[in-house]
Amino acid sequence: MTRLLVLHGPNLNRLGLRETDIYGTLTLDQINDRLRQYAAAKGISVHPVQSNHEGELIDQLHHAQTTYQGVVFNPAGYTHTSVALRDAVAAIDLPVVEVHLSNISGREDFRRVSLIAPVCAGQISGFGWRSYLLGIEAVLGCLHEG
Amino acid sequence: MTRLLVLHGPNLNRLGLRETDIYGTLTLDQINDRLRQYAAAKGISVHPVQSNHEGELIDQLHHAQTTYQGVVFNPAGYTHTSVALRDAVAAIDLPVVEVHLSNISGREDFRRVSLIAPVCAGQISGFGWRSYLLGIEAVLGCLHEG
Amino acid sequence: MTRLLVLHGPNLNRLGLRETDIYGTLTLDQINDRLRQYAAAKGISVHPVQSNHEGELIDQLHHAQTTYQGVVFNPAGYTHTSVALRDAVAAIDLPVVEVHLSNISGREDFRRVSLIAPVCAGQISGFGWRSYLLGIEAVLGCLHEG
Amino acid sequence: MTRLLVLHGPNLNRLGLRETDIYGTLTLDQINDRLRQYAAAKGISVHPVQSNHEGELIDQLHHAQTTYQGVVFNPAGYTHTSVALRDAVAAIDLPVVEVHLSNISGREDFRRVSLIAPVCAGQISGFGWRSYLLGIEAVLGCLHEG
Amino acid sequence: MTRLLVLHGPNLNRLGLRETDIYGTLTLDQINDRLRQYAAAKGISVHPVQSNHEGELIDQLHHAQTTYQGVVFNPAGYTHTSVALRDAVAAIDLPVVEVHLSNISGREDFRRVSLIAPVCAGQISGFGWRSYLLGIEAVLGCLHEG
Amino acid sequence: MTRLLVLHGPNLNRLGLRETDIYGTLTLDQINDRLRQYAAAKGISVHPVQSNHEGELIDQLHHAQTTYQGVVFNPAGYTHTSVALRDAVAAIDLPVVEVHLSNISGREDFRRVSLIAPVCAGQISGFGWRSYLLGIEAVLGCLHEG
Amino acid sequence: MTRLLVLHGPNLNRLGLRETDIYGTLTLDQINDRLRQYAAAKGISVHPVQSNHEGELIDQLHHAQTTYQGVVFNPAGYTHTSVALRDAVAAIDLPVVEVHLSNISGREDFRRVSLIAPVCAGQISGFGWRSYLLGIEAVLGCLHEG
Amino acid sequence: MTRLLVLHGPNLNRLGLRETDIYGTLTLDQINDRLRQYAAAKGISVHPVQSNHEGELIDQLHHAQTTYQGVVFNPAGYTHTSVALRDAVAAIDLPVVEVHLSNISGREDFRRVSLIAPVCAGQISGFGWRSYLLGIEAVLGCLHEG
Amino acid sequence: MTRLLVLHGPNLNRLGLRETDIYGTLTLDQINDRLRQYAAAKGISVHPVQSNHEGELIDQLHHAQTTYQGVVFNPAGYTHTSVALRDAVAAIDLPVVEVHLSNISGREDFRRVSLIAPVCAGQISGFGWRSYLLGIEAVLGCLHEG
Amino acid sequence: MTRLLVLHGPNLNRLGLRETDIYGTLTLDQINDRLRQYAAAKGISVHPVQSNHEGELIDQLHHAQTTYQGVVFNPAGYTHTSVALRDAVAAIDLPVVEVHLSNISGREDFRRVSLIAPVCAGQISGFGWRSYLLGIEAVLGCLHEG
Amino acid sequence: MTRLLVLHGPNLNRLGLRETDIYGTLTLDQINDRLRQYAAAKGISVHPVQSNHEGELIDQLHHAQTTYQGVVFNPAGYTHTSVALRDAVAAIDLPVVEVHLSNISGREDFRRVSLIAPVCAGQISGFGWRSYLLGIEAVLGCLHEG
Amino acid sequence: MTRLLVLHGPNLNRLGLRETDIYGTLTLDQINDRLRQYAAAKGISVHPVQSNHEGELIDQLHHAQTTYQGVVFNPAGYTHTSVALRDAVAAIDLPVVEVHLSNISGREDFRRVSLIAPVCAGQISGFGWRSYLLGIEAVLGCLHEG
């Protein structure tokens, strides 16, 4: 059975509580529930983890190598500043898809470039919680293509 | 019945003929066939158009307003240089999703920033022909959310 | 009788339909009517042409050499990206005045610099449809000064 | 009766005496006379003031609030360096139109961007002393539109 | 009773031990004691927390939402590099005031711009341990104004 | 008795009249009154001066050397452009604290860097008229520390 | 028999009519005649095409794949702005040599870098109409080397 | 007996498992063993610590002050982004030598500049696991020179 | 008899009072005395003027046209920021030599480029009060050469 | 008889020995032989000189003025860094054509701009040893045109 | 017997005579003596050469190919400006290690990036004359690894 | 007797032969004669040396330490590119004054900044051959001041 890690970066535990015009009104728990249902309907499983700690996110990516077949990763605020997370993605041999709730190309200048996306399979941004659904589909596509 | 425009930008008529390591081995006709089948299975229709002419792409976007419910748009080489196409997307009231076959964040510097994405609903890049499938799903998600 | 070309660039055929807070509520036809009336009252004629095609705009500028005494030109989205249009203005021997409906200096960074204005007689921006009226007056001033 | 301030920035008192290839051969007095005649013919009045002092120009703009209905402003060398003048324009509730004798987009790099234009109604450059005439018309257009 | 979090960022546990010409000779404990005394005299309480971990600082900010009425925050070395901390400040609904012991505008170039200050209520820098006192006053001012 | 100069830069004479969402609704006179009361309660005196003239502000700073024990200085629009004011602060031997009503780090790019702050004792921004109160406290702290 | 496409970009139809100090006094027809004669003397044929339309130039490059053995290409004003033309050159399997009449390295800054040259066999600039002759020789050299 | 901390930054626990063309085929344990043997032969001891957590690395550096005589530090992905680690090195009074397995000057642009090296004794890069050996020698040289 | 204006810019009235390590220990009066003696010995006269007001400096330059044969000008802090002073120098027909007490190329980055020097006859910097002597010689050389 | 200097810059004496994928397999002697044969067949003579010394290359260019009718110059690594060589080319009155074996526009960023080309007649790059042949033809064309 | 070239770049013949706080008090002869002794003790030989001439350094590197097994190279002031030296290192097939006496990352901005290091085996900086010792060890390591 | 080295950089041996509008019509010999006469009249001696070789200029500067009391140095094209010459000036303990015939601040961008001037006593530019006279005076002033 295909198992995917859904890795949520910093501050995503605050979803639905603040800045709902940017990130939407769903809480992280509600999003995770929807992702689990969606996965179950497809016969796969998703395992959401959230951390505000860059080091913890690196550890999770390393750990994913032996536990999951792919990763849907929202690096949030670390997207634009973390070479270490980029290296962590490059250091594992799994399809990793970067997702964002908001359309980062239309926000502040410093959010326009991702340090991590170049070593991911691809990037999806702008579709709210549905970005995760598309991310799951994208990882499955990568696995399917081999 | 939901009707979507799939708008292919410059040089995509050469897909499968050159640079297959970057863009894949499928021809544009083969991709379009797969998109039509995928759409039919969902009970919607997709209408692929390709042009190498920036002006023609603008005309098509304007025309879409009265003919389609959404657009999946691969601006290809115009992604990084065309303010006019950006303005064309902003000048219509439809969900437009920007898609790319290759992971543009991992290529030449001049391909990293899209002038068009900020006025689209969102952006998807890096999944080969499947980027279009994800683009269709993303447009449908936008329509569903209202 | 003095004959002026009024050349409208990309997306201006959508005036009055979208983004009316930026560009105003008049349609292109309404603006053209006002310009024709204004010209008639002054005993000159204006000839509006609109195209979304960069190449067509270049052709029109070349053609103007033998047909008109001056040009009022709104390059719209091509203002900031087209060396080819700049060269087209430089390649004819007519007064060309660049006009913009919105105050481009107060919008996105990429709209602040015009590649075309340096080879025009001058530039007028920010006065809505009246920018065209001022443009006509400016071309007439150039012709008057010799 | 509509009263407009015509505010001339630094060094414009030297018009017609030096660099006549760039700025023309008319002296400031000659230009002011033409503007007064033009205004009289339209049934309005214009009131020219020139100063080389940034602070004096700020004072004049503040003073304009209670004395004039609009301002035609040539900030000359302060155009590109003065945040204080920008703030002064923003601090009054009158239409202010920025004008330049020369086509500043075609000169040295440091003259290409105006700090002041973004908070003006619009900008006119390149038409010699006629830029002021167009500026008067532009202010009147703003007043007419409300 | 008003309760404020005083959040100290990385390396501030080394205060008074090294680089005393830049940061002063007081240890963090000595500063915290002075802040507690100052607060007590005003009838409020301050609660100092120090961490070298970016993730821990994010957690503390989130936690502050339900425990404190405001935050005095010295992000130290994270000031200039952490989008994640910026997002954490934006994700809570409390007045946060950024403080620095040294005058960061007069040090290395990379210390001149703060990624976090734009989403804080304001910034205070350069007054040594007294920056914290001013920070407390500033938070109280924000609370007072409502 | 401690005497402080409170030096207000360009356009601050317009406080409370325009852009009240940015700068607040108090007029400069009202702010000065509050500062005088605050000072009187502490047994010191403050002496407010406002000028739109850069040269006048320089003169005032020079003059302060022999008349005051410290300066609270809001350079407003000159903050970002005036090397001359920077040199004036460096040319006197008094604690000078730079203050701003608005949070300048969160506004236009050109407002983010202060040329003057590096030679001041420190900088305070974002707390409206209370920034001046904090500035007075900061100057007193500097005097107290010796 | 070796057949070469000579592809002329925007505004080259105006050669000999304007800016003759930069581009020379020969018209495009005269240049084409000389190229045909030169080619005939070598036992090959050249086929000149000119267009002001970026899309048409892309179409011509695609078409060249099946019709010609090589391309001499003067992209003129599109040299510096067109990623789409770059991609078109990369999308065909023919030697393409970029030529310029003027020495573009000695003109305006924006003309110094070519987006297209990196995917061409090489670049020749500065020798007037003879740049085309050298371009023909260069393409023949590429074909000869295999 | 001289005791040195060998501090390994993020992702170095993955050495030998991925990207072996860049970082070599030895695992971190194998490298540490070699370092311990090398140290033992010289009559000193080395104590390797690895962490993916920026905060943990800061804590280790602080801790080193009282436990070790010097530090060989490979900050890996934090090299280019961490002001906090720079400040941590500056906050202790020990010779710290920055080492890198790969030649960082020959890789991506963002890896070329180290924020940390300026406050270290020096930097060594490009010699694979032997960079650590050289780092040990360099620290010993610093200690020897006093 | 040759008459030269020696124009001192902002803060130079504070010479000898502060920052004597950079600017020397002579007061402005002492320097002016030395210049007058030096001039008298050469049979010419120098007329020193100092102002902290940019506008006043512009006025003085304009005034010099009809009163002096040349100008030795130390624009001090306005050197790097004043387009208006540059235009004032360009607006008169006299040799103007820019001088600086300190070696501005070796100080802060923002002091390295002069906006004014390009329109002066030349620039002299770094020789303390002797820079003025050299400036007088340089102006005389210009007058001598015609 | 027409005599041309063929001036080879630094490291070209190593041609054919290393980096043959970039520069080709011919040695410098072999290239020079081909150039001499080509010249002889045209009834002219070429005189190859190679030096790794910038000063020697300058001397050679100066010397060429009285000895040769034109120069084919490959400045190699000095292309991008030598203002002195640029000045040397500008200091002689001969047609100088810059040539490069490799297509420098498609290599490292620092190789993209030539400091020397703007003062040459033109530039040819990318055709291996044949770039020299084209260079000879280009110089002859310049001489022929007068 | 292993023979290494130790190549000293410009101004290193002045070591110990000036700027001893940056470069140390040893003269070049003293350093060379220490290196020869160190080498002798290891059973290898080192051959120091110093030149202020860029071309001579290039010649020496070329010559090293047939005479030495490796190079320890301190390019000194040419480190940051010489593409020609970079190409010379790339043009030989020997391990070259770049060394610096001072910690170049902590000095002026223009010293932070090396043009030469990317084509060397690696770089060592900051350890005074011991940088050469480490450089010898590093070259030997490269030779040992094969 | 005071002895000064007058060191002329690259291409100055071509003075008076080309580009006389920029550099004047005097040959280097004529300038040197005038300098010798000027020096003789003052009871000092000047010793002119010219070289196109950067390394030779460095050698000359080193040699000057033991032979001359000061240096007037025109680095010409090396001014803007040579860190090695900068270091050579810093490596000797003599007053060195940088001089330029032309006003380098008013020429191409790459001539505006001098790498060498920051370590010289000062800089003089724009006065043709008289810049050398002023340079001699400046060196004497430095010697006089001690």
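All chains are identified by letter, namely A, B, C, D, E, F, G, H, I, J, K and L, in their written order; residue positions are counted from 1 within each chain.
The definition used in the following text is that contacts are C-beta pairs under 8 Å (C-beta built on N, C-alpha and C of every residue); 3 or more make two chains touch, one makes a residue touch a chain.
The structure presented is a predicted model; accordingly, all values stated were derived computationally and were not measured.
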Shared interface partners, meaning chains that touch chain G and chain J: none
Third chains touching both chain H and chain D: none
Same or different contact residues where chain K meets its copy chain H, judged by the half mark: same
Separation of mean Cα positions, chain K and chain D [Å, integer]: 62
Centre distance in Å when chain D and chain F are each reduced to the mean of their C-alpha atoms: 31
Distance between the centres, which are taken as Cα means, of chain H and chain B, whole angstrom: 47
Chain E residues counted as touching two or more neighbouring chains: 53-56, 81
Which chain pairs touch, all of them: A-B, A-E, A-H, B-C, B-G, C-D, C-G, D-F, D-I, E-F, E-H, F-I, G-J, H-K, I-L, J-K, J-L, K-L
Complex interface listing, chain I residues touching chain F: 9-11, 13-14, 17-19, 51-56, 76-81, 110-111
Touching residues (chain side chain K, partner chain J) in the complex: 53-56, 58-59, 62, 81-88, 90-93, 115
Chain G - residues contacting chain J, complex: 103, 105-106, 112-114, 117-128, 130-131, 133-134, 137-138, 141-142, 145
